[in-house]
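There are two complexes below, and they share chain A, which is joined by chain B in the first and by chain C in the second.
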Partner chain A sequence: MKDIKVLGPGCAKCKATADLIAAVARDAGADVTIGKVEEMREIVGYGVISTPAVVVDGKVVHVGSVPTREMVEGWLA
Partner chain B sequence: MSATTGRPPSPLTWIAGAAGAIAAWVLLYSQLIPFSEWAVSLLPVERQSHLGESLAFFFYDTPKVLLLLTLVVFAMGVVRTWFSPERTRALLAGRREGVGNAMAASLGILTPFCSCSAVPLFIGFVSAGVPLGVTFSFLIAAPMVNEVALGLLFAMLGWKVALTYLAFGLGVAIVAGWVIGRLKLEGWLEPWVLQIHAGAVDLPQESLTWPERIRAGLEAVREIVGRVWYWIVAGIAAGALIHGYAPEELLASIMGKEAWWSVPAAVLIGIPMYSNAAGIIPVVEALLGKGAALGTVLAFMMSVIALSLPEMIILRKVLSMRLIAVFVGVVGGGILAVGFLFNLLFA
Partner chain C sequence: MSATTKKDLAEAREVCPTTARRLIAEGALLVDVREPAEVERLAFADCEQLRIPLSEFERRWAEIPRDRDVILACAVGQRSLKATYWLMYQGYDRVMNMQYGLQRWAARGFPVTGSGAGAPVTAGGCCAEAEPTTEPSSCCDGAKAPATGCCG
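Here is the complex of A and B:
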């Protein structure tokens, strides 16, 4: 099971990112937990300075934009 | 989110598509006046009446501004694919003040980042050794000299005004950042900010292909023009009304050059107002047409965009009230200077 976190202070793009990951996971039948990290200190603690960012199993895989569907599929594979 | 389906088109398809899009753009742009006259002639109004004047202005300006804005936003979207906040931070870390302020202000225009990233970006810069004043130069330039403001100024007031705005916007960001750096205000940050020692994430920077860069440009158009177009239409409608109805030189006495106090008044009025450049610029153009001085109007615009209450509330998480007050004072002073200078230069 993959543990996915979306990092961002609750802006529209952060929500779009979380929604996209949820949709892709549902379509692929992937077993994931999706969490949101909105606390600023925690976000910065990951070394992230541009949000939305995505963390998969503790590792930052994407920063600064809403990812594309293909990218999300790559993380879930 | 738009998702691409099927196999990716070949580079040739992209080049043909881009050429076709440019041809269509030029064709549309050349038909603006015939289009507006035609649109007014369809309506049951006298062309020479006030209403006719307003409508012709509206039907001419709206497509013109949207076309030019699309072009500028697209170009900026493509250029920005070469930049990222992470790369900018690496470029600025440990920079001396002066050069660092100038670089930071320029990079503030070119680096793509969502306004909701301002706080993590601020902390990330400061904790990575970017001097506080240099960080401020970046954060002041980024919203003030943005592609929407430049594109709209270019569309409505010409390239001279757009370039002067660019130069003065950069100037304010550089000088204000430098002054804040000189004041040595690091102690005024919220204490936890300095305690964070965040490492930088090290994501491999894949180099993009041209089709991907073009796609980023199109995405920028979809996102930015999609978000601001109704502001622009509303703004032009307001401008059209002023254009058709307000008597010439109506505003000359209150917003004209002789009224020196109008510049500080414009800055003060602008602070609590929150709008993006898109909503404000069409009104700006109409005000100018009726005798308001350019410097006064631009000071108002810069104040609305660069000094906004919502942004200060966000920044309050990392800055003390005193530091925010200094930020407002220094940036406001810079805008004031720009207003007076513009009034002098564009006499």
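Here is the complex of A and C:
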């Protein structure tokens, strides 16, 4: 199971990112947990200043924008 | 994407504008992280400062010295808090955030410059966050007490 976290202060782009990942995971039948990290100190603790950002199994894989569907599919492969 | 290390950052040290002004007079460096258009309208004056917009911070943070006290500031203290945590992530241990930012600084009558001097300060730039709920006239009355003596 992949552990995915969306880092962001709860903005519209952060929600869009989480929704996209959930949709792609559902379509792919992928076994994932999706969490949100909204507290500034914890977000920056990942070495991230631009949000939304995505962490997959503890590794930051994307920062600063809503990812594309293709990117998400790559993370779930 | 390069690998990053997750760090459990300590709570950032925060100071009110009055304490910040004293620390600056004693040698601390002010770093204004507001965007250029905001700085053009209104800026901190009569103090040594660096201007590094938050939008450029990931690229330029290394310009900030590690060997002196550094006070991060923005319009209301939210973006600068993020910048403070970023520097802490990078290993800086002499950084602090100015609570309530330029808005409170100007409200207290401290030196400012720019075309908007005298006008209310608003949080601008990207990702501007909520303004403080406390009255501008009451110093250091926020939920977090500053780590240093306030208004001293």
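General observations
As a convention for this text, the second predicted complex is superposed on the first by the 77 of 77 C-alpha atoms of A that agree within 3 Å, B and C clash if a C-alpha of one lies under 4 Å from a C-alpha of the other, contacts with A are read in each partner's own complex, and residues count from 1 in each chain.
Keep this in mind: contacts are C-beta pairs under 8 Å (C-beta built on N, C-alpha and C of every residue); 3 or more make two chains touch, one makes a residue touch a chain.
The shown structure was predicted, so the numbers you read here are calculated from the model rather than taken from an experiment.
Counting the residues of chain A touched by each of chain B and chain C gives the higher count for B. When both complexes are overlaid on chain A, the residue A:Val44 reaches chain B and chain C alike. In the superposition on chain A, contact of A:Gly29 is made with neither chain B nor chain C. Looking at the shared chain after the overlay, A:Lys13 reaches chain B, while chain C stays out of its contact range. Judged by the touch definition given at the top, the superposed model places A:Gly58 against chain C, while chain B stays out of reach. Applying the stated touch rule to the two superposed structures, the overlap between the chain B and chain C interfaces on chain A comprises residues 9, 11, 40-41, 44-51, 60-63. In the complex of the two chains, the chain B residues touching chain A come out as 1, 3-4, 84-86, 89, 112-114, 116-117, 119-121, 123-125, 127, 192, 196, 198-201, 203, 317-318. Contact residues on chain A toward chain C in their complex (touch as defined above): 9, 11, 40-42, 44-51, 58-63. Remark: chain C residues 1, 3-9, 11-12, 54, 57-58, 81-83, 85-86, 88-89, 127, 129 touch chain A in the complex. Against chain B, the residues of chain A that register as touching in their complex are 8-11, 13-14, 16, 20, 40-41, 43-53, 60-66, 68-70.
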